[in-house]
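Both complexes shown next keep subunit A, but they swap its partner, so subunit B is in the first and subunit C is in the second.
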Partner chain A sequence: MQAAEHDAVFTSAEEQEKWLADAMALVQHHAFYMHRALDANNIRDVLKFSAQMLSELRTSKLSPQKYYELYMRTFDELRQLEVFFREEGKRGRLNADIYELVQHAGNILPRLYLLCTVGSVYIKSKEAPAKDVLKDLVEMSRGVQHPIRGLFLRSYLSQISRDKLPDIGSPYEGEGGSVMDAVEFVLQNFTEMNKLWVRMQHQGLVRDKEKREKERSELRDLVGKNLHVLSQLEGVDLEMYREVVLPRVLEQVVNCKDELAQYYLMDCIIQVFPDDFHLQTLETLLGACPQLQPTVDIKTVMSQLMERLSKYVAASPDVLQEFLQVEAFSKFSHSVVEVIDAQPDMPLVGAVSLHVSLLTFVLRVHADRLDYIDQVLGACVKKLEGKGKVKDSKATKQLVALLSAPLEKYKDVVVVLKLSNYARVMEHLDYETNKVMTVVLIQSILSNSTMISAPDKVDALFELLKELIQDSEGQPLLDMVDEEDFQEEQNLVARLVHMLVNDDPEQMFLILTTARKHFVQGGPRRLQYTLPPLIFTALKLVHSLQAQDLPEEGEGSGSVSLKKVFQFLHQMVEALAMVPAAELSLRLYLQCAEAAGDCGLEPVAYEFFTQAFVLYEEEVSDSKAQVTALQLIIGTLQRTRVFGVENRDTLTHKATGYSAKLLKKPDQCRAVYICSHLFWVEDGGTIDGERVLLCLKRALRIAHAAQQMSSATRGTSGPMTLFVEILNKYLYHFEKGNPQVTSSVIQGLLELIVTDMQSEATTHDLEVDAFLASTVRYIQFQKQKGDSIAEQYASIEVQ
Partner chain B sequence: MCCPEVPPPEMLTLRSRGSARKGELRRGTHADDDDSFGMSGRAKPSNFPSRTTTRGREKNFLVGAFGPPCKVGIEFSDAETRKQASVKKENGQVVMVPLFLGQDSVAGEVRIEPLPGKKVEHLGVKIELLGQIELYFDRGSFYDFTSLVRELDVPGEILECKTYPFEFSTVEMQYESYNGVNVRLRYVLKVTISRSYATNIVEYRDFWVHNYSPQPEINNSIKMEVGIEDCLHIEFEYSKSKYHLKDVIVGKIYFLLVRIKIKHMELEVRRRESTGSGPNTYNESETLAKYEIMDGAPVRGESIPIRLFLSPYDLTPTYRNINNKFSVKYYLNLVLVDEEDRRYFKQQEITMYRLE
Partner chain C sequence: MVLVLALGDLHIPHRAADLPAKFKSMLVPGKIQHILSPGNLCIKEVHDYLKSLCGDVHITRGEYDDDSRYPETKQLTIGAFKLGICHGHQVIPWGDLESLAMLQRQLDVDILITGHTHQFKAYKHEGGVIINPGSATGAYSSITYDINPSFVLMDIDGLRVVVYVYELIDGEVKVDKIDFKKAQGSS
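This part shows the complex of A and B:
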């Protein structure tokens, strides 16, 4: 009891150190006597002390790592022993005799270490066929069933036999056996080592399981080394690999039913054997995959294999033919399905990442085979079937990887749009991720400047981008959405619209119709963002149609006509107006009106204006907005020259009417003097000086009223800005040669302003002063110019 | 804390299977035979065997006559060329003695050398060739199973050194010399100088006898399945049942069922010497060889090879009922030791013979 308590004081690491030190000291001690016996050529003592030294390896106390240190220490001593045995042989002692002599040792572990050591000398002497000695050694080693001790013993066997295998080209071939014997030997040693290694897991306490697993992975290379030896054998050609080596190794891998071992060994096989072997035995190798334990991380294994093979192609493209010959892809895809079926507990992420690997493989090896890619996606969809949206974040990540891979590869969305299963995979993404993915898609289009020029492609694309364009089930409430994010996304969609290009107007129109079809489903919030670019694209179409000089009326129903486009535009703006986005739609109406005007379509332009006015009346209520809207209307109207007198009068009348009805006097004033332009449109427009002057006078009146209102309410009259502005308008029209605007009128106004400015009641504003000053300066400048305008100005006097 | 339950120590029966013979595996805590596990439970087998010392009792046969008047020497005629056997004496010393075979002639000469200035008066000189069995528990009693006499001299006086040649031709020496624990069988030449007044002068000369056997015509393998119900089932096979003294035991152990944690497995060569008869039979067992054949715990389906060289061990042939006095038999004992140091074993007799 006391001893136990005392032991407990040590941490296990300290204990390990101590035990190792003790064992090392003893090895040292026995090795000393062994050396003395070696020097004295006393074989009996040599055997005695070497056996004692090796007895230290019988310990069960050491962790694998410490045991390894001890093993290495004795290993060095055994090298010297080997030299001694070789010299004994030269001195005339038969190797067979020494071989028997060492077997008199009573303990099995020292006995077998000695036997291996002698065995190596025995083979080297060629007194016996290598194959027989090897077979005996590997067979006798069965006696050590303790996992760690057995592993190290067999590792020693493997080490000393490595250069003595009867491989092709080796001096031990022929009488010593054939490469078949060599393979057989290594395979057997491998099998036994793996069994021991696997068994480690099942020994000892359950609570130490993790620790044991860690210890085991420290030992894995001992097992894996055998595979390496196999791969190094000259005589193992493709045929032997296919017929013997691989089936036997796989048999062991599958049968050991151990997660750690299966994963490691599969990885080993993939790493150590050459690429072309893998390619030619793909079916066998993949056939083993579904048979592995359900918990084995098989996806990593398979993706490594795929990666290796794709690198192989990359390095030497001429092997591609072989890939086709062995149908690498179909084997892989078949196997992926099988593996997933075989592992019902495989998390979704595993299944998806398998597909990602497969896809990567296809992209690297068969970049030209879109059908393969689609097949992979299809298989993945099949797996996801019935699972709805994928919730697992890791799986989602993999799905995104799956979807991004072709994009990155081809840098062309059009290619992706050819993949019928692409959208189906996307459907399984949850809302957020789907959105992210769509953003990725769009950005890919934008950054690669991919033009999308076919209506069906557009349809497919928008189908993909559904989550962005429409409301969908999983989306959070609109209030929860970050406004900025939303805008950014929608702006992306808007930018995307500009990538829809087709030179053929008919196709282009189809594209637009398709786009609209998708956009109108997006709800009012999106329409504000999505429709304007579409409208402008349509307007662009109008321009190009105009340039082509098509007949106004479409001949057949299929062909596109200006009228149709305008109808289309009308519908869109109308839709936008319903959102409601009055100001925006108003502007768009005006845009359309102008375009229609340019095309000479009077009724259409009129209709657009009408709509604009209606909107103004019904929807624009904010006074500032009204001012802006009115200015826009007036501006557009001024430029639109298509109207006949009647229509024109109606519209201008309406415009001036609204101007006078604005709420604030200054606004009224400004709107009214702007209206003056409506009656003075050069180059074929109306020129009506009378009404211009009317407008200006009215503006002046309003300005006066404003001034008075201001002095009535505040005691001082407001700034003289309005007057100066009106003065400028007068000057404009004066220069234009409006006969109604005379120099005397200007003179009068100027004086009025100057007087008012000097009156004390007026508040002084530096800006207005400057404005006035520069206006006056302008007049003076014009006077001095000395041409016809100067003559005009001559009559105006300034101080 | 309580101790792990120890299974009841009764003999455990086993399931028979196939052609293998029935047998039972015994647990070490219950055995009619002997001390070996008690003492060796934790003892490590030595790495290389050393000759086991025979336990013996101090016994002085050579009754030293007080001041004999002469020296008596017995020489074999072919002493130079004859093979010798190394024999361990009671005190552990190894001596070399001449070695004869069963039908050999024993010839030589007796040399009587009076001490200077003395003469030997005698009533006759004779030489006897005796084959004796000596049982130690039956103190001092000899059973002569062979006794041959040659008269060397008629009564008279010996004044100076005198030699007498003798020969026992093709002597029937059917038993081998043997030094055991409770018994020994020896061959000896005894020279007696009979004297009338003084005690007789007696001189002995030991020699060793081996008998070769032919290769046995039938030498079946030993194959058996043994086990403990639901705990351990093994099948073992030794390639032969009869071995010569320098033979190799080859075999394998096949594990059919393993539900205990085995630590290691060894193969023992045991010798059982039985002396006496009826109720006065004494059995003495020794373990001559302890040979580890497995380290660690095997699992079901594992097969462990056996290869044990017999040459390093001091073995004799199997002796059956020698002159109704004793027998020496050999056994292979397969011992499995579990992690709680419980021993499971199965003992199997093998026949040893001496091959020429």
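This part shows the complex of A and C:
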């Protein structure tokens, strides 16, 4: 037995190199003499020198890595020795005798190496049953209790015995034993090796713990090799594995209570044995998990197992039957709960990660089972119960992974909406993360072009997106919110509206009202982003109702009708106006007015126009905004044919009034001449040549007034732009056949312009010149047209 | 050969979520030299997207555009052609070709790009060509029902411009082309 040595602290790399070098030199030295004895067939000397050589392996100074090098050197020599023993056998010496002889070696370590070497030959010769020799060797090896020395010795035993195990179909079966003996041998070796390996952890000073663990890591494959051997045995079938191998291995794994060993060995078992074995012993294997040390990263172990099994079913889909038969999912989900319960100190991130792994498994193996997925989410919700918003960022990350996985798998939010626990998991996210998740959801819908057509799904979706659509408790203060970010988010919600589509008007209207229900809770800041898309969607609904030619009032009280949609529209635009968002609301009132006009709903159209005008009068005060608003008012009014004379007159009167009251003269002038079109609407509209002329004349007056103002203040009367524009409008109405617009009127205006442009008082402007030139070209072109147009233009003379 | 993309009236996000996927996959950066848009994009994201396709982007103001700094009209020269852009809500009656021709005379351009009606038009008159690329997203319009998404690509080569109009009809992209030639020596 070795003297107990304080040897666990290995010193610097330099010293290690030196010691190794010394030891190697000595091995070399003894080997030389051993070889001489080999050549001389001098067994006594062979044994003497080989024992001396093997004594170098008795060292305590070397680190595992260096010891390994020494071991390998010696190993090579032992191969020669083995050959020699075989030769001896041929020369008539009994292996039993050699076996006896080597036991005279003084120290136990060399003695055992020699025994193993002889044992190898002994078994091969079949002089004794394999099982007996193996049993002897594995038990005698107990004599070496030093962790590193013992591990390498047993590793040697394992190596040389590998091809001599009495497996099924091997030459050593029968007399030499059965596969049961082989299994027993390997299991015993494994158990002892693990004990030695674990013992390394407890040697030496506490402060060197990390270093020790690193060194242990380097040796782990020596222990794991045994499992590999077991997996390669032909005779280890499912039954043998289930009844003998797995229980014994797990017993050792659990009882050793060592974190490093447990983690490594569990992983080893999973990697080394076939997948269908795992499937059939799932309960046993998973049963060990809660019994492991709390510090073992059980999540990774279980993930590995689930990963392997996922790949298994992906490679051979018919195995799925087996999965269902053994209730793999059920066992996994129970195991997850058990592991979490067994470790009350497990941090939240660990628990959630386990659920993420389980979910990944389900998505890969049972993708069609939404109930399984919901179950996993439910289990997670249960774990989160009472915890409110999760604050730990790692756990939050895992929750996001949990929520994103089904999205990425199915690429269809509608599927995700079917998971009743999804919303509950989201509730546990802190404000920021929840918002991130809502954005992920919307972007998934947009990028996959997912259409959502069921009103109840729309409802469920907006529930999920709550944090984005409404104010909530956890949100930051108003001045802390980045305006651009806010706009981007709300614009996303706006885009989302266009993905809510149903061809059935009834359902579509229901979708609109559902969306409104959620949006109105968003407060004024959000409405300007969220209501317009709703409004336009409702306008599209109007179009499709028109196409279906439904009666004005729906058939029943619940059914959708044009009236109902316009009421909806009115409420929406009104809500928008109150935000306040005057210019936007004005535009939308006009859109609604036009739509109502197209449906023949005169009072509704009138009401919308009225609201637009009220907004114009009361809320639009910026000059530029007024110009555009007026263009839109006049443009819309010009197209609307639903009005009777009275209503039309009122509205056009107002419009022309606004035009004349614009601040800047040029704006006034233009608005007024545009109004001329209000009085010439073909195809069933108003045709009033006089009013047209009145507008044009008024525009001219304003243009003159502008000239005078300019002369008075700047000394020149300004460019003739407005006049040329008005001329073009005269030509337009002339061509339409307005009797009030005669060729002499045009001729007069033309000459006026030409004269004024040559005058010094006028500001010379190249653009106006070009405009006039192209107008004249146009007139000349018209004169040459070979139809009634030419006749009209005949009397107009141009240079 | 100079490629000029004309597209407008996208109305994102009020009336549409995004450009149709089939259009997006066709519009690849680096192939187009100029982009002309009559307006109504409406948000900055769309402007940025256009800029990513081509560095030279010209936009005029539509009545729903967020950015009020876009001009009412714009004029530029590409090769032998003078082009003008104007959204068109300012020109009444909306969509009226004679009134638009008046604007074209005023801007003194060979090609006028305009929008607002969401309906594709390519109209040649004495003073030049008026092109309305329609709505690139097929957005709702009170003026035109049943809109197919469309945009225009102009290939300007010397005195000739070939106008390709791309329309998305029942999920398929259909292309049509129209040839215009500018008279030699015209200003």
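The rule is simple: the second predicted complex is superposed on the first by the 759 of 799 C-alpha atoms of A that agree within 3 Å, B and C clash if a C-alpha of one lies under 4 Å from a C-alpha of the other, contacts with A are read in each partner's own complex, and residues count from 1 in each chain.
Just so we're on the same page, a residue touches a chain if its C-beta (ideal position, glycine included) is under 8 Å from a C-beta of that chain, and two chains touch if they have at least 3 such contacts.
Keep in mind it's a predicted model, so treat the numbers as computed, not measured.
In the superposed pair of complexes, A:Lys517 makes contact with neither subunit B nor subunit C.
When the two structures are aligned on the shared chain, A:Glu735 is found in touch with subunit C, with no touch to subunit B. Once chain A of one complex is fitted onto chain A of the other, the partner contacts of A:Arg701 are absent, as it touches neither subunit B nor subunit C.
Considering which of subunit B and subunit C touches more of subunit A, the answer is C. Once chain A of one complex is fitted onto chain A of the other, the partner contacts of A:Ile108 are limited to subunit B, with no touch recorded for subunit C. In the superposition on chain A, A:Gln145 makes contact with subunit B only, not with subunit C. Residues 446, 449, 487-488, 491-492, 494-499, 529, 532-533, 536, 539-540, 543, 587, 591, 594-595, 598, 628, 631-632, 634-636, 638-639, 674, 677, 724-725, 728-729, 732, 735, 767, 770-771, 774-775, 777-778, 781-782 of subunit A touch subunit C in their complex. Residues 44, 47-48, 51-52, 55, 58, 100, 103-111, 139-140, 142-147, 149-150, 195, 199, 203 of subunit A are the ones touching subunit B in the complex. Across the interface of their complex, subunit A is touched by residues 44-49, 264, 289-299, 302-305, 307, 309, 312 of subunit B. The touching residues of subunit C, counted against subunit A in their complex, run 11-18, 21, 43, 45, 63-64, 89-90, 92-94, 98-99, 101-102, 105-106, 108, 126-127, 139-140, 142-143, 145.
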